[in-house]
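Chain IDs A, B and C follow the sequence of writing; residue 1 opens each chain.
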Amino acid sequence: MELKRRSLLAAIGAGTAAAALSGCGTGTAASGSANGPAEGEITLLTPIFEGADGKTLLEKEILGGFRKKYPDVKVNVDYTTYLQLNEKITTGLAGGLLPDVMMMGVGWIPPFAAKKAIAELPEKFATAHDYEKRVLAPSRYDGRLYALPIVLDTRIVVYRKDHFAAAGIRKTPANWAELRAVAKQLTKDGRIGFDPFSIDLRQCWETFLFANGGQLFSADGKKVLFTDARGVEALQFFKDLVKDGSAVYAKKTDPLAPTNVQTGKASMMMTTSGLWKQVGDQAPDLIKDDKLGAFILANRKPAMLQGGTLVTQSASSKHPAAARALVEYLATPESILGAARQRGSVPGLKDLSDSSYVKENKFVDLSLQSMGDACSEGGTAAWMEIREKIKPTLEPAIVGGQSAKDAIAELGRLAEAAIGRM
Amino acid sequence: MGATSVLKARPARPARPPSPTGHTVAKKRTGRAPTGPGRRRQRAGMLMVAPALLHASLWIGLPVVASVVLAFTKYDVLTAPQFVGLDNFRELLGDAVFRKSIINTVVYTFFTVPFGMMLGLLVALALHTGLKAQGIFRTAVFIPQVTATVAIALVWLWIYNPGNGLLNALLSFVGIDGPAWLASTSWAMPSVILVGIWQGIGMKMLIYLAALQSLPKELYEAASVDGASKARQFFSITLPLLKPATFFVLITSMITAFQSFDQIYILTDGGPANSTTMMTYEIYKSAFREFRVGYACAQSLVLFVLLMGFTLVNRRIMGGTRGHN
Amino acid sequence: MATTELHRTGIADKARLRTKGKPLSAGRIALYLTLSVVSLLMVVPFVWMVFTSLKTPVEIASQDAGLLPEHWEFGNYFEALKAAPFATYARNSFVIAFSHTLINVVVASMAGYALARIRFRGSEVIFYAFIAALVIPTYTKVLPEFLIVRFMPLAGGNDIFGQGGSGWLDSWWALIVPGAVTPFAVFLFRQFYLDLPVELEEAARLDGLGEFRIYARIMTPQVKPALTTVALLTFESSWNNFLWPLLVTRTDSLRVIQVGLSVFKTENGPQWHFLMAGTTLATLPMVVLFLIGQRYFVQGFATAGLK
């Protein structure tokens, strides 16, 4: 009896494994044609359009318009949070039930495109609207288009104009030497001059790497390039700031707390373009009194890290024509502007740079004007793996005694191993 | 069924001297199948455990089998699993971060479990004495269990904030310049441990409270008549009788500690510099952030073996839980 | 086993002071004071959550605001409730938590009883299997569990091999069945049944009661605190479950309260006032449930009657 039970279990186990296998099989096989009429019932997975406003915006306005244009397509919306987006996608992939249309972050496209989980989009989508050339870079893999941007979020330096004025500083720092000097000058009475640590260390270091003229990976994504002097210098710069006392790791902003630049605990900080809206909600006086300014980080060149949410189409959609129509529709200026306004994000289209929303939001305006300096993370099929290693591997150089050189070398080893496994 | 089975003496008797009649199956039997009522009892036992067993086999057993199989594969959910032999385990050996997470997990468990259990028992004893308003106190102690993790994390982040946090404000009263708690590689772990103890007391208290209520009052009456002090009663009656509950609390607390995830996720994200990363956190990252399911399964297998090992050791130390013979 | 015969050795008196508190008024007062401080430490986050739910975003973000809200913004609650169909979510959560509680209490107590009181072939192995099941972390099981749900044969358009449809995904089955019985509860019940004296069941057996009746009529009423504990903990963890319902559902009408609350956790700065208002509303039923449930601990062994 015992034996029988055991063999039964084993048989069931083998069965699941087989099911998992075939699930993956179906996951990669596309069915139907993307060129046929757009019809059928499709699912949209979205980590954005949250809250009551977001839901109304998506379901009433955007999808309302879509329904008028494509009356034969029914769209089911599956909301998730950014934090759980991975779990949703992982289980969907494993089960062979990827949503027809998905929104995901910058950097996710190459790994998914490399494994043929998402479908290639026609090149005409790239020219349908007035995209800044840079903006579509994260949407491409191997030169082909796989996604369209919905909203962008950028990493910029925000500073307190009142602190600058009080210290007699007239212009924003144009390179790291100036930045370091200004930060030191502004540090006093428990206030820190520059806070680079309140955003994710990964994204912060990447911004500095790009501003230093460095790169993460080679164009084919097979070679690690950040291990050169430029990558080390970027990390060393944080160490220098900490040594000066003008940046303090322990004083980074807590999740609930208002940002350090908002409270005046820091005179400059690395932050996102979304801060404008947040300050507008939390401390409108700062905006009214014109106390906040922003500039693009620069050393060898100006660099603004650009992240954001892209919309893409599953390669296994049963209704590819309908899915493609939805991707196209979600990327139209009207849809984008609404989403950007709701989140305080950057709409990635030049057409929208004169819209009242962009003109009123100084950080968004600056970001859109600086799109030529934008850089993005990712660029290798091993990115999902490497991105997780960056923060914990670089942290010891900042909070521990490790040298910048060693930390970067260690990260380089981990990244090469990850690429080797692809 | 069971023609060659050796049925061990059935213990299951705390507190009272074994009854002379004993159990039908309490006697050693060798070489013969139980007959009559004994056999019926056995069948009843199997039937009663069957629903739970079936459920666990399907929803836990099967996933475990699948995980064990996947541990020997490379599986990124995008393409079919690929058999890679011991590659994942070989990589684990050289994975310094995972090694660190094992050490962190053991340290965390070693500190949260005993202290948490002691405090849980003390609070349970205090709230067992028939105080006025003890329902309010019980609820208060249990509240961290139901409070949203995000609220808990935010309050603790504020307590630990090195600038305007509560803890350093209190320390400054006695002239101590507090450290940067969660941002310091040496203080982050103790800080996380404190939150773990704090959050776990309610659950431990609840189990102990329930166990205390089940203790036979006659024993205490008899002891009082004998003139035994309360302390003596506690050590001679309460503590031995709480053994099954203590075993339960110990095992489940250990498992909970080994699997703690939420507070790490929100309080420290495993940092700084991996100083608070734990095994479940690494498993989560491998599977759901890096899409390396095979590797995550290999990591899970290590966790499973470690935890089962600890459980068996504990059972050995506690001398089993089936009463006292 | 010596229980009534108490050895006289001089072991620590402090346990008595701290725990058993003689009716000395000074000791009592100290006990009350200690408990009050402990309770206060425990409820701080909860209280903070309630107060935060009554503040404006500006006040939440302000540095020099006190713990108490300046103006009590009860409107936050109405606004938060308007953000999503919370009545549906709450109903769904309740249905799931209630089913889980009911199934778990019945099935796990039966298994726990059998494992504690009946020695049958394989019972020891089965007991260890349940402990082993307890050891598996959520993130290890979740993907295979999802696959089982998705490839459930003959459900949701699936054929006998689990292909073709979506199985139990997006259905009540997926929400209720996988989490209905917990090894935790089986283990807990076993430990509580272990404690009961044999005389109870022997008397019943002499009266000719079958094993199932002994379990249901004689033994189970003796472990009421365990029943209450399992019921409370099952309901609470089911009510607070977030990841699984999020993964297996898609349609709004099947979403649960914790998933619903995540609409306020927006990427660019969460809407704390709404999040805390919603969370407070979701937590209050659990607190009330516990407040009521803990009273049933008192009835524990009172009716044991094993003289």
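As a convention for this text, contacts are C-beta pairs under 8 Å (C-beta built on N, C-alpha and C of every residue); 3 or more make two chains touch, one makes a residue touch a chain.
Nothing here was measured: the structure is a model prediction, and the numbers come from that model.
Enquirer: Tell me which of B-C and A-C has more C-beta pairs in contact.
Expert: Looking at B-C and A-C side by side, B-C shows more C-beta contacts.
Enquirer: Computing the C-alpha centre of each chain, which chain sits at the greatest distance from subunit C?
Expert: Between subunit C and the rest, the longest centre separation is with A.
Enquirer: Between subunit A and subunit C, what is the separation of their C-alpha centroids in Å?
Expert: 37
Enquirer: Report, in whole Å, the distance between the mean C-alpha point of subunit B and the mean C-alpha point of subunit C.
Expert: 15
Enquirer: Could you tell me which residues belong to subunit C and also touch two or more other chains?
Expert: Where subunit C meets two or more other chains at a single residue, that happens at 63, 143-144, 147-148, 265.
Enquirer: Residues touching two or more other chains, restricted to subunit A: which are they?
Expert: Touching at least two other chains: 16, 20, 87, 90, 94, 256-257.
Enquirer: When you check subunit B against every other chain, which residues touch at least two of them?
Expert: Within subunit B, the residues that touch at least two other chains are 1, 61-62, 66, 77, 154, 287-288, 293.
Enquirer: Write out the stretch or stretches of subunit B touching subunit A in their complex.
Expert: So the residues of subunit B in touch with subunit A come to 1, 57, 61-62, 65-66, 69-70, 74, 76-81, 97, 153-154, 157-158, 161-163, 180, 183-185, 266, 269-274, 277, 285, 287-293.
Enquirer: Considering the complex alone, what residue numbers of subunit C touch subunit B?
Expert: 1-8, 11-13, 15-16, 18-22, 31-32, 34-35, 38-46, 48-49, 52, 63, 107-108, 110-111, 113-121, 123, 126, 129-141, 143-145, 147-148, 177-181, 183-184, 186-188, 191-192, 194-195, 197-199, 202, 205, 210-212, 215, 222-223, 225-226, 228-229, 232-233, 236, 240, 265, 275-276, 279, 282-283, 286-287, 290-291, 294-295, 297-301, 304, 306-307
Enquirer: List the residues on subunit A that touch subunit B in their complex, please.
Expert: Residues in contact with subunit B: 1, 9-10, 12-13, 16-17, 20-21, 24-25, 27-28, 86-87, 90, 93-94, 111-112, 115-117, 190, 249-252, 254-257, 265, 384-385, 387-388, 391-392, 395-396, 398-400, 421.
Enquirer: Mind pulling up the subunit C residues that touch subunit A in the complex?
Expert: It is residues 57-58, 60-63, 82-84, 122, 142-144, 146-148, 150-151, 161-163, 166, 169, 243, 246-247, 250-252, 262-269, 271-272, 274 of subunit C that touch subunit A.
Enquirer: Once bound in the complex, which stretches of subunit A touch subunit C?
Expert: Within the complex, subunit A touches subunit C at residues 2, 16, 19-20, 22-23, 26, 43, 47-48, 50-52, 54-55, 76-84, 87-88, 90-91, 94-97, 153, 256-258, 262-263, 272, 274, 277-278, 281-284, 343-345.
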